[in-house]
Each structure stands twice: as structure tokens, then as C-alpha cells.
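Lettered A, B, C, D, E and F in written order, each chain numbered from 1.
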Amino acid sequence: MHSLTVCDHIMIAHSFRGEAFGPAQRLHGATYAVEAEFRAPQLDALGLLVDIGLARRELRRILDALDYRNLDDEPDFAGRNTTTEVVAQHIWTLLAQACRGGALGDGGKRVTALKVLLRESPLAWAAYEAAVG
Amino acid sequence: MHSLTVCDHIMIAHSFRGEAFGPAQRLHGATYAVEAEFRAPQLDALGLLVDIGLARRELRRILDALDYRNLDDEPDFAGRNTTTEVVAQHIWTLLAQACRGGALGDGGKRVTALKVLLRESPLAWAAYEAAVG
Amino acid sequence: MHSLTVCDHIMIAHSFRGEAFGPAQRLHGATYAVEAEFRAPQLDALGLLVDIGLARRELRRILDALDYRNLDDEPDFAGRNTTTEVVAQHIWTLLAQACRGGALGDGGKRVTALKVLLRESPLAWAAYEAAVG
Amino acid sequence: MHSLTVCDHIMIAHSFRGEAFGPAQRLHGATYAVEAEFRAPQLDALGLLVDIGLARRELRRILDALDYRNLDDEPDFAGRNTTTEVVAQHIWTLLAQACRGGALGDGGKRVTALKVLLRESPLAWAAYEAAVG
Amino acid sequence: MHSLTVCDHIMIAHSFRGEAFGPAQRLHGATYAVEAEFRAPQLDALGLLVDIGLARRELRRILDALDYRNLDDEPDFAGRNTTTEVVAQHIWTLLAQACRGGALGDGGKRVTALKVLLRESPLAWAAYEAAVG
Amino acid sequence: MHSLTVCDHIMIAHSFRGEAFGPAQRLHGATYAVEAEFRAPQLDALGLLVDIGLARRELRRILDALDYRNLDDEPDFAGRNTTTEVVAQHIWTLLAQACRGGALGDGGKRVTALKVLLRESPLAWAAYEAAVG
């Protein structure tokens, strides 16, 4: 199995509901360093899994809708806590759609699995991964 | 599949028996940067895989029994070399018990797999991973 | 010259005033990985620049007043943009006071210079450094 | 499942054929930070997955044939683009042969899977992984 | 003293003349992770050392003239080895000109010192730093 | 001012005397990731600050006398705590001697300052720096 990973980051505000969150119930924020890993069993004739330029552009397009925002105000997350786990799955869903929809070219259509990992601090990160297709 | 990883570290002394170890047969030591990755197919109603505060506390509790110690003197490792591989599996076993025993709350009981990775230097690391349940 | 650096991190929300900030004028947030570097020309009789336990405790005490907060609401920053540069200098000021005031023990009183560096993303960071005394 | 990872790096020149590569069609180069991950279900009597010294030596031997070279001139890659994906698979193939052939000792023969990851920049990397045997 | 650092990277080919370089006399390449550190004693009224957007844009503009190129063919380096030390100083010179010339706005004109650091591998890097003015 | 940094690491055991050390009074250990930074105002005719091969070899030679050892038994540290600060200064002294003595060639003799930094964990490091000459 081949994999290709591209990275970017976003800076967001949010707050959490639930006593389990302690001080994180207050409005605070995070830099999420985002790693998007594309997997496919075969490369194309050029030796590529996906076009890295398209992969970066689509990841950036998806992140632009979150970057420099208060996630508490985003309709996509209404009624939900925007934990690192939830945001990772959200980005995964949009990036999987981009692969299937052709935004990453033919390479994106051959992607069989995708993993999106968000580093919230030097000491904690979360990821969501699943088959695409 | 979701995953959540928390990090900590320990500083231990040890020596190895076996010619294969060369100079590492002498008493030396290591800083182990420890990464504990919890996996589960579902998040809870709060959007969490496990309570990150409980995860850090339990990992720390397990590491406290190893930290600032000479592993050659620890009964848990009697008669065994405390290679990075062995120490990773040891921490895995205790952390899996903590998940199953409820020390990480309901989230910990839903954990289906666990990976413990120990970085021994910038150029080498070892891990143990397996299903929990 | 000797130096000793200890690290920690905070997760904050804030917004900026000024067209130069573009989308960062919106409420957003950051994880700041914080590195506090203490400098002194001499070590003490134990071979220490400062007691690393005291250094971590004081840094944490200072960061607790910022962590999981919206800096737009903090009186300490009223009327000012909480850029990474400004927050680094703010932490520097409090940590320098802690050194001079004895909170880091005799070692802290011998500290001649201090640098506080805040990493806001994998691709950008800011620092403030100056003599203490 | 146990895993052990060792790291090294190479510095190579190459160019790519295909409009998709844009400016990377020009002769340029890369530092590839290489991570070789060995996996096996059991450790040996010494507590080792593979002898880390042998693992490093064999990885280095394989990398020496690529290091400080223009991959456009290497017969092994004739008619192919040496994308990070392709170079990762090339190193994988040689390292898997080394495991099966005994160059990593008995531990290497027990390796059941291998992953070779190449970091081409702080923001992009590729890997190849598969069962060995 | 305040400092602000922004990062980017380039991927270049080159070769070295001189027996001291050993195998690096062959055509090879490097990924240079580039860190540009701006220093100034004062921040502006907005709390900024330099406009981070302008800093990134100018650094990128300078790097575009080197990225995806064989430095052996670049007139700027005719008759010189493009060691990491030399390339760092080259980027420093252009970035210092950009500061003085106003491309980084008023903030850039207040920069008193600049450091450009290039990481050539996980185990080696070089930098050039000097006063600007 | 130019600088060039090369990295390596050692794995040592030791214990500390003094109540301030708490649990670190017990025999434990550390992986020290070592960064040696050479500084000089001029490069040689080849574009080098020091020969990076010689720099690595001399750093390795110095580290070999510490690596895989219990520093409590080393005569060089008799009666002293081998804190990270102390070990950094020890390596600095030997590396400065190597520069002055010619072991790093003519480049080493032109080195005007040296910094040795030891990372003891992801969250703490110490360094010693001074003029050489």
C-alpha cells in the first residue's frame, strides 16, 4: 500500500459543553496542524499517488472555511462539541468527497483510504481514518 | 476509526544481557518519549474518544512506576532485557488494563485498540499495538 | 554562558484590530507552545542553573492565568492586540519578576537573561528576550 | 504487533517528466529523511524485534547506492519518475530482500511487514508498506 | 529584543568542487527548510514586529528564484560552492534588501537584525545572521 | 556571523546528589540529543565554515567516551552532579579543544564561538556557549 501525506494548519476558537471539559468549557482556541494521508494500492503512470499540488489546494480550500473562525458559530457544528476528534472527522468527510468528486484528478478517484490527523498541542492529537469509495 | 494520542516521557537506567547489544551491555539509560494512541469506532455524546484528562492521568500513573528508576532492579522485568520493544509492551499491558477496568471512564471501555510508542532517540523508536477487549 | 529551557503550552482565543490582520480580525485562536530559556554565567554547587521543578511550576502558574481563555477579555491586554510578540513579552515580564522575587529560588536570582519563545504554528513563532536584573 | 523504526537520510537530485509536475520538471533535489519500520508479532529471547545495529547497517547500505546521486542517471529508475512514492517503494523492496535473505539476522527473517516512509519536506511525505514473506 | 520567525522550504540540486566534499562532489540535492528570523527592539502600534503576511510573501518571492533549480546553473553563484552556509547568506542578503527597501512595510524598516537558517537534514543546519541597516 | 550545527546523541545513566533533585536522586538515565553549533565570521574558499565530516567525526569521538555509560562512574565527573548543564559544558570544553588543536582542520581554527546544546526530553534542554580562542 502506498500513502502520501500533505500538511497545513488552521487557527480556530471554540468552547466545549460538558463538565468533563473543565476549564476548556471557557472560550479558548487552538492551532491545529493538519496532516492528510491518502492511500492507494497503485501509483499512476507518472509515479504519483495523487497530484500533490491538487491535494494541497483542496485541503487548503476545505481549511479556509474553518481557519480564523470561532467554531461555536459555524452551522456545520451546531449542537456539537468541536473536539479535535470531531473536527478531524469533519475535514475527512469533505476531503473524501473531494477525492470521489474528482477535485484531486484521477489520482484522487483511485484513493482507497484517507486519514486526517490534527495535532492540537505538542502532547496531544487526534485522527479519523476510513476507506473512501 | 477514530484515534486519540497523548504524550509523556520517562528517564530510566538499564543494561542489556547478550553480545548482540555490544556497548549497550553496560549500564546506560534513556529518555523515552511515550505516545499512547487510543482507537475506537465511535465517539461519545460529547464528541470525545476518551477523556483526555483521564488518559493523561492514567498514563502518568503507569509511568511513575518506571520514571527515574534503574529498570534492572524492577521485579516486573526480572530476567528480561528492558529493550524499547519490551517496555512499550509493558506500558501497553497496564494501559489496556486501565481502559478495561474503568480508570479512563466509559470512553476507556469503548477503546477497541491501543498503541504505545516509545521514542528512544531522534533516530529510533519502537511500539506495541493490539486490540483491547 | 549557560542556558536552561523548559516548555509548556496554552490554548487561547483572541481577535485582532487593524486591517493589516486580514481574516485574523475575526475571533479565532491558537495553541502557543511556550519555551522559557533562562541564562546565567555560573551554575550552583549542585550543577544547576535553576531548579527545573521550580522553573516548570512558575511557568505553569503564569500560563494558568492565560490558558483556556479569550485574551480579548483579559484586563492585562485591554486596548492592545495580543499578537504572539505581545504575549511572549507579557509572559517574559511575569517570569522575570518570578526570578527576581525568589520564586525560582537562589538559582532564579542568579539568572541574568531570559528569553520566552511562543510557537503559534509549525511555520511561525515569536520571542522576547532581555537582561533580567 | 510489535514494531521497530530506524531512521537515516539521503540527499539526491532528480527531475520529473509530465506537465503535472510544473516547476518540478526542472532538475532539482531533495533531502529524504527515511524511516524504516519493521513489524513482527513476537520478539526474540533477548527482547528484540530485529538487531537495531544490523537494521541501521542494512538501511545505510541500501541508501549508499542512492545518496549524493542524480537519480535521473540511475539505471534502477530508467524510464520512471523518481517521485517520493517510487523511491519509498524501491527502498522497501531492497530492505525486504535484506530481511528475507538473512542480512538482518534471525530477527529480520521473522519480520512480517515493513513500511518505508520518506519525508521530502516539513509538509509532505510518502510511504510504502506491505507484508514481507 | 523582539524576534519573529517565518518558515518555508526549497528543493534544489547542486554539486560541490573540492576534495573535502567527498561524495558530495557528485550532482545531488537538498530540501532546505528555511527559517527567517526578524529582530527589532520595538513593536508597532498594532503589536507587530513585521507584518507576517508580507514577511512570508517576500521570503517566498526570494525562494522562488532558487526553488526547483540546479544551483550549479545559477549566475548568482557562478564560481562558488552553494554550501548551506553560502545559500543562507545569499537569502539573508536579499531579505535584508527587502526590509530596507520597504517590501515588508514600515515594520521591515525597523528590523535591526536578521537571521536566516537552513536545515539541510535532520542532523545538520547552517545560518547567517547580521545587523540590518 | 555564520553558524553550522551538527547533531548526534548519547544514552547515559546517572544519579544526582541533593534534595532539590527529588526522585532524580535515584539511578536513572537520559537520551541526550546533542547539537554542536560552530560560529565564525568568515567562510573558507570552498564556502565552508568547518568541514562537516570532520565536525561530525570529532563530536562522535567525544561522545563515544560518554555513550552507553553510567556517568556516576566516570572520573571526569567525580564529585559533581552530571546535570544536563554540566554535561553540555563538558562536551563544549572537549570540542573547543578539538577546534583549537586542529582536529577540525583550518576551519576549526577559525571558529570564534561554540555552543553545545543537549535535549534531555521533549520539554527540557540545556546549553553552554562561549567564545573559543
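Definition applied: a contact is a pair of C-beta atoms (placed from the backbone, for glycine too) under 8 Å apart; a residue touches a chain by one contact, two chains touch by 3 or more.
The structure displayed is predicted, hence computed values, not measured ones.
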- Task: Give the chains in contact with both chain B and chain E, ordered by label.
- Result: D, F
- Query: What's the call on chain B versus chain D, same or different interface residues, using the half cut on shared numbers?
  - Reply: different
- Item | Whole-Å gap separating chain A and chain D, where each centre is the average of the chain's CA atoms | 27
- Message: Rounded to a whole Å, what is the gap between the Cα centroids of chain D and chain F?
- Response: 31
- Query: Mind pulling the chain A residues that touch 2 or more other chains?
  - Reply: 7, 122-123
- Query: What residues of chain F sit close enough to touch chain C in their complex?
  - Reply: 16-18, 20-22, 80-86, 88-89, 122-130
- Message: Could you list, by residue number, the parts of chain A that touch chain D in their complex?
- Response: 1-8, 43, 46-49, 51-53
- Message: For a test of understanding, state which residues of chain D touch chain E in their complex under the given definition.
- Response: 7, 9, 11-14, 23-24, 26-31, 33, 67-70, 120-123
